[in-house]
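Every chain is named by a letter (A, B, C, D and E) in the order it is written, and numbering of its residues begins at 1.
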């Protein structure tokens, strides 16, 4: 068990450390000024300084990402259930989803902010929900369609009701696919919550902090917040993995 | 691109290539540069100028320090911040003598001074444009982190009009015009200036210097040719702004022709407002006023944003600005009989159309 | 239920529509009677309609013409009444349910009280020798064990009729022989009628009272071979001459024509149609 | 063919339905939107927040501004869309090459997979704003002979940064997709890594590559638009989005044209990938058409 | 190549490492000799190490101890020299290649000139009776046809040694019997030695000169049954007494102990170790 963990954790950590050292050396030896690329040590120093603000921004952005993720995922799963039942809904949703998949956040954010108001957190959450919707919907629908013919026959032989079929066969069978979608969605949720902050709303999140620092050429500070964003992404990704492990019955 | 090839200016049509990095898209904020280009003033000075437009994340002063432009237009506080982060640049021409930043609110909101912002939703752009506001709030005895709610403002003024924010940040030449280009649903006509009150940071004493021409400090020190180019460049630019002062309508059309998506009436308004920030210029256009510079540095060192950080922590280096080149340019232009102070400047009356069309 | 006839297939034709053309006739005027408690195997080349016939009996599909009755009722009613248990070629277990929960599935769907359910499941697991694996998940079982779970599941509601489509197809020969012996025992214990699809001649002969030999395109019953090797089928049966004789008879029926070297086949091949 | 017609019809129907929902809500919804327990759930319905569909269409047909010779908005956005599509294609190309190269590396070396893959995931959580200035700055240093770096190339690189990820992940799965039995067959034939790649892994990865490319194309377009906003690169749809957004309060219907074009671009890219997929039918024989 | 010994397995042990514990011993001190041109079947319960043994011969895996030589060379060299052809349980065809291109694959990989390739492929397709399906893709073939393509592919380079792991496992009884007959014919024509893994006793008996019966955990050779039903194996063989006798002998060897009802098995069961 421990050696397996080691095998999965060690290489990426090692690579990360090597990359950090290379980065530091590049900055020092290449005499690169901080306004271009700050050194990891400078970022670390800033990280210490901004930690309290980083924490509150982390929470604000994290809350938006989380709420949007949950809302978008719930919507996607219920729509997928509907689409798996009614082929008309499915055919109607397919082009809409294809379109949603390519709407740039930067185009949508200003419009949504105007629609909901600049002091509301809702537009950011709506953006996260929209971005999350696509992978969750597509994967869930694929999962719901994976019902083995033999299981279908079995349930028919048992004269099971539609609801019984969903509960005992379709939904449990689709779970791994739902989680594939959620894994993708988790890091998308974070990055879209951050980008959504560039264009309006309260200045309380990581996105605002990053832009503000970057515009002031305070790149070590900006990267300290970027680091926060990466951590937030890791937290979300790890959380969906953990939930998947807990929900799917056995630990591999 | 840098101008590495040692090529003499003027002469047999061998023009010196020069790249100018702007801080935003083509608009009349940069009227003088576009006018100079259009009127051939740069060529007259032996320069082949390419104007590079900005973007949300383009920081002109670092592009300049990075030697990817020969000159850049940037606000002074933002440039000071970059200098502290290692960017070697020098302010060689302070085109805007005044700050154009306002805090606009509806007349009935009762926000007439910075002190009135207490407890309000206050819009600001971030992007480093917020320090005059913070300094003003601080000056009024308020704490920007707790006494006001700061709201990220978009590129439009919808948040103010919808009532989401009580006071919006606005440039006299841009966002303020945007509200005046909008139909007031109560009257069915465009909003009128009387519908709003504005806080002008020039009056509050926290104004900071804005659009300036920046040059690469290192090259300025060692490269004689670059020094000459700088003077030539300043001369052409000044002539451009003089043209914009004297022919605002034509200038607005030049800017629209440069690819602005905003319409003629908006650009005419903008030209006119920018003229007000430039003219009159009693010391001569572009000369850096030491008091204004000191006020900018002082605010930059003391005003805290909502993270508690200031623009800069130490005084800027000696070479952060110099009047050496602008004075050379002014001297030559005065000799040519050009009015470089605009003492008699009178703004025109501009009628805005709906949507700035 | 004490109907003497378990399954009655009367003049059944089944045609599948195909994109172009008239469609595939999977079954052509097939008639078959399975008595209560009787073990009948269906054998024939791939595509001859064995599965189709089984599916019609199970009301998983409907005949194009003709009628299927199960214990005197239309097949549809028999399905709703849960008169049969069914097992497919692949075990078709739900991978997220334990052995116990998989066997419990039909009882749960039909709202059998929990206490009754538990007792019955324990009984069934003992029957197929899987009591120790109650809490295992299907992927922790060998193929043979999975099949036994599927068989236990098909027996859960003590049906008078068992429908099985190549349940041992995926097993290796040894496990397969053991499973056959177990199936014979279970059927003897429960007295159920069985319709059993298989590709294996020895399997059909070992298990059946009668072997229905089918021919393809269109699916027809070519011959019904009476095997009836007696009540006590044990391991030794497989090495007895009567068994080999049964195998040979079924093989010859399957190949259609008598093979040259065995002139006595005319006597042995019993055509019951 | 009738299937295609049906799909186009349903797509149109979906658009019409969305429009109807928009207008219905606008007609009956309260001007201030709907709050549920202090949470704003439904948007405002004022003309500023939700312009009429017909106003959006009418605005698209009008000239961009009042100056002489100003083209109608729709031609302006369409041209910008084409320009962005070109940039995005370059981005997709670079991203695909890089993504595929990474996938090859990870397929070849197990260690590389476990070391690199987590960082690929994390790389996508780095906000572009932190990278855009870097890319613009470093791109600007590239100068080989007469070749000069231009702003749109930085945009393409940023688009590639987003596009490479789905390609890398999809290609890796594809390259690892051949059945063990086929891999062993090639081993039994004493085939080298390269020949195995050409004759086995590459053909087998096609069904995985196509959806990966589709995702990559969508990412490249989103990346292009974001990068155009970020760097202010001229001519593209991202630049128009910002410029039109500046008149968001005084000319609210204008902002919807570039959004529509962005969506059309995405669908066009998906269609191109689908077309490419059609020529590779032989490698997708196992796919069931859903 | 005219080596008299095709495969020599000497004291081979194969242990697979397992997470916890000592590992699984799949093969324990196994020795086996296959003469050139000889047909040897491996039979035994699931998990007894048949596939493992075949994979060691093919150099798809390496023994923990002991040595494997093929035509006098180490297995590794034999693989690089392409001294054997191989077919697996599932056909393992490349779905994007036509029948023709699939058979051509080994030739193409080994840079056989195109003209030679075409001629050889045509020959092979005729051999397995698939000439009419040259341009078909695998998914357009029945399971039996796919297996025949795989067999043709394994024969492409006219190997002196054929390694086959349950190649007929997926086929129905009839197709399977037809394929067995064809394999016998092909081997007779090409004179190749064959190591053939199967689960089916009749199949092993029908095809082999010798049947190697293995026992599991750890995998050992329990008995080698000499079958040698003579040169001319035809359809009728399956109904001859010598065939049934062979089947019975292998079954008994497989079950380990003599079954009670046949006291004469001690004579029949030939232990060659």
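A few remarks follow.
Definition applied: a contact is a pair of C-beta atoms (placed from the backbone, for glycine too) under 8 Å apart; a residue touches a chain by one contact, two chains touch by 3 or more.
Chain by chain, the UniProt names read as follows: A = Nitrate ABC transporter permease; C, E = Nitrate ABC transporter ATP-binding protein; D = ABC transporter permease.
Not measured: the values here are computed from a predicted model.
When the partners of chain A are compared with those of chain C, no chain appears in both lists. The chains in contact with chain B as well as with chain C are A.
For chain C, the chain whose average C-alpha position is most distant is B.
Should one ask which of A-D and A-B has more C-beta pairs in contact, the pair is A-D. Chain geometry summary: the mean Cα position of chain A and that of chain D are 17 Å apart. Between chain A and chain B, the centres computed from C-alpha atoms are 39 Å apart. Centroids of chain C and chain D (each the mean of its C-alpha atoms) stand 54 Å apart. The distance from the centre of chain B to the centre of chain D, with each centre set as the mean of the Cα atoms, comes to 35 Å. Across the assembly, chain D contributes residues 44, 48-49, 129, 133, 137, 229, 245, 248-249, 252 that each touch 2 or more other chains. In chain A, the positions touching at least two other chains are 36, 110, 114, 117, 120, 198, 211, 214. Shared contact sites, meaning residues of chain B that touch two or more other chains, fall at 56-57, 59, 62, 66, 154-156, 158, 162. Screening every pair of chains for touch gives A-B, A-C, A-D, B-D, C-E, D-E. Those residues of chain D that touch chain E in the complex are listed here as 179, 181-182, 184-191, 195, 199-200, 203-204, 206, 282-283, 285-286.
If you check the complex, the residues on chain C that touch chain E are 45-46, 142, 172-175, 199-202, 235-236, 238-240, 244, 248, 251, 254, 259-262. Residue ranges of chain A in contact with chain C, taken from their complex: 148, 150-151, 153-160, 164, 168-169, 172-173, 175, 248-250. Across the interface of their complex, chain A is touched by residues 6-7, 10-11, 13-15, 17-18, 33, 39-41, 43-44, 48-50, 111, 114-119, 121-122, 124-130, 133-134, 137, 218, 221-222, 225-226, 229, 238, 241, 245, 248-249, 252, 255-256, 258-259, 262-263, 265-267, 269-270, 290 of chain D. For chain D in complex with chain B, the residues that touch the partner chain are 44, 46, 48-49, 63-67, 70, 76, 129, 132-133, 136-137, 140-141, 143, 148, 151, 228-234, 239-240, 242-252, 254.
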